[in-house]
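Below are structures written as structure tokens.
Each of the next two complexes has chain A plus one other chain: chain B in the first, chain C in the second.
Right after this comes the complex of A and B.
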């Protein structure tokens, strides 16, 4: 059976999603999309300049990509909902990443407001992908609220600290019947591969690619890592053992 | 609770004794820490830490890159009126200065807005002197209604208002607030603000907090460097920013680093803040508050500003004028201070790209 990632009724060709907020130029975005193979590209509405051809980031995203506007800057559910509706009305489609931050020190998402916004937007026909702090109970509520996927952070945005929330994400992967997409904090392709080996459906990467000395190269590296991790997951990576396994088992005396 | 309580805890702090106890290995361990506290911030502002400016710069560059990316937000100030009832010895708009007083009409504001907007800028900072007669809330709101047609984000830098007045402006479309305490040293503050409502130190100090309460999305503070001991002033600015960020976590807190410039009037800076010192302040801020926005205006000369791109600054003004109607009008007035970097938005754009960074014109819109 083919391994497909389907979100919001769309079959995705890539399990790497990329962000666009930190690049040195909008012109590099299509090159990174190409090198990484990414199909879902997220853009903050706050950055989209509909009045300028050159500065409008959306104009630099290849047409066959799925544009996922994010609600960066929203401080509560109401603001996130307004941003989503503005984006849709402006022709940005109905995929929305809910990003509600009530903490500017660490940029940690507000799970409670995110659940509220998910419920409202899902009812209005949006394909909602909420960015959240890994919490199984919040993830269940997001699923009940109509989320199309759940996007727990690996580490706080911009920190490149990797899968610091690994155990909580693993639990979510095991328990929540929705794509779990690790978003934020992944600093290296090996960390993206690790997330995929664990069973994540996809990963979203922004800082590590955009701020690299060679974003196109780094995009390619992440693309390959995500593929490698997914293949390893499907092939069934061997169990990690706590202790070495003796070649002479202890219960051998019992016979076969 | 007000920030004044926190300021008071350190008002009589023995800074010299603190500095004398600093060891080199303290400084190095602070630079390597993930999160630093206020006294560690003060350590980074000390003279001894000056030796480690390169190490601080390496870390500041990394943190700024991680948290902000390769972008610099551009904006410009628009002075709409320079009537002022205060006598602040260091300011060009001082009531006792014999300068042309001016206030833009609605048509003039619109003309300014058109010209500025044509440069591509989407973020604007609206300024007035302190005059409830000439620059009333209603007048400021009228200006905001016009600017809304041209800009996606409007900040104000006006005289201190009450919370309800800030709320009115937020409802009218203002999303950002800037105010400099000028000088945190309470005694020096009293000496420099000779007459007028600005003498009220506490009212001014609490204005950023009132702005947060009123729902301003971004609140930007700073001290006018040169008015008093810069290490202390930078420290109190950092304490103030930290206080606001902790108390109002959903507000974007930013700091500016304005350094005194020549102006109409005789007052000279009491303290010399050289380039190295200003850089040390910026780096210390970045290490203390990794996500704080840091603004550098056209007070600074071009080559200095250029060198700071990538080191910690995240927001810069361009195409600036501190004159009322400085972009359009032929018959202009004296500026609040002399600008040093006179480059246009186009020139700044090219410069930022040449440094491998992207100038961002829009980072917010009314929702």
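Right after this comes the complex of A and C.
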């Protein structure tokens, strides 16, 4: 049976989504897209700085990628909706990552405002992927509001702490009939594999790739880890046991 | 005449069009998005839209983000 991930009516060829922040040079991004195999790529929208001649990030992203603008900087649903509409009008498609943050220390998302924004944008035809604090009830409300997937955090943004919220995300995977995409906090390919092994539909990685010594190499490593984790999930991991169980036969020993 | 440009009160000398405003700031207009009084302004209208007192202009661009 073919293993397909379909979001917003689009069949995706990769279960690794990547972010484009924090790269030392944006020129490297096309190579990272290639090495990682990522298809969905996130960008942000900001006011221009009149004092510096900055480049347009979108120019660095290969055309066959799906651009997903995040609403970072939004502090409530209305601001997120405004950013989403600007991104769509600017020709960046209708995929939107809702990111509504009012906590500056941990950058934890406001699930309540996120649900409100999801409802508004889904009604307006956006493919809405909300970034959220892992919580079953909030995830159910996001589904009802029209989310195309939900994206719980593994750990706070940029911390590289890994899958700290594993148990809560596992509950969401078991209970919510939507793709669950682990976003934020994954610092190592092994952690991406762990998320995929437990049934996450995809992962979104930015900091761990962008701030590594070799982003192209790390992008490839994450791409392979995501594939390995997915295959392991499909293959079905065996039960964990308390005591040893010999892998070799326990009869017919030579000395017996 | 004053406008609100990217959140800051900004004085302009004469009734610029949006396009003239960008040129005066040395902005490569191929790379930006304009929100004019809270609505997206399509590129074709940049040369036709003359700024008025207290207009709110946002000049935006895409940047790296996660």
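Some points to look at:
Going forward, the second predicted complex is superposed on the first by the 232 of 256 C-alpha atoms of A that agree within 3 Å, B and C clash if a C-alpha of one lies under 4 Å from a C-alpha of the other, contacts with A are read in each partner's own complex, and residues count from 1 in each chain.
We adopt the following convention: a contact is a pair of C-beta atoms (placed from the backbone, for glycine too) under 8 Å apart; a residue touches a chain by one contact, two chains touch by 3 or more.
Since we're looking at a predicted model, the values are computed, not measured.
Once both complexes are superposed on chain A, the partners chain B and chain C clash. Once the two complexes are overlaid on the shared chain, A:14 sits clear of chain B and of chain C alike.
Contacts of A:42 after superposition on the shared chain: chain C is touched, whereas chain B is not.
Within the superposed three-chain model, A:55 lies in touch with chain B and with chain C [touch as defined at top]. Of the two partner chains placed by the overlay, only chain B lies in contact with A:25; chain C stays clear of it. Once the two complexes are overlaid on the shared chain, A:207 sits against chain B and chain C alike. Judged by the touch definition given at the top, the superposed model places A:89 against chain C, while chain B stays out of reach. Shared-chain residue A:160: touches chain B; no touch with chain C. Once the two complexes are overlaid on chain A, the chain A residues touched by chain B in the first and by chain C in the second are 21-23, 26, 45-48, 55, 82, 86, 157-158, 207, 210. Residues 21-26, 45-49, 52, 55, 73-75, 79, 82-83, 86, 101-107, 157-160, 207, 210-211 of chain A are the ones touching chain B in the complex.
Chain B meets chain A in the complex at residues 65-71, 120, 122, 152, 217, 245-246, 249-253, 289, 291, 353, 356-358, 360-365, 367. Interface of chain A with chain C (complex): residues 19-23, 26, 29, 42-48, 50, 53-59, 69-70, 72, 82, 85-86, 89-90, 92, 157-158, 184, 204, 206-207, 210.
On the side of chain C, the complex with chain A involves touching residues 6-7, 25-28, 31-33, 35, 38, 40, 42, 58-66.
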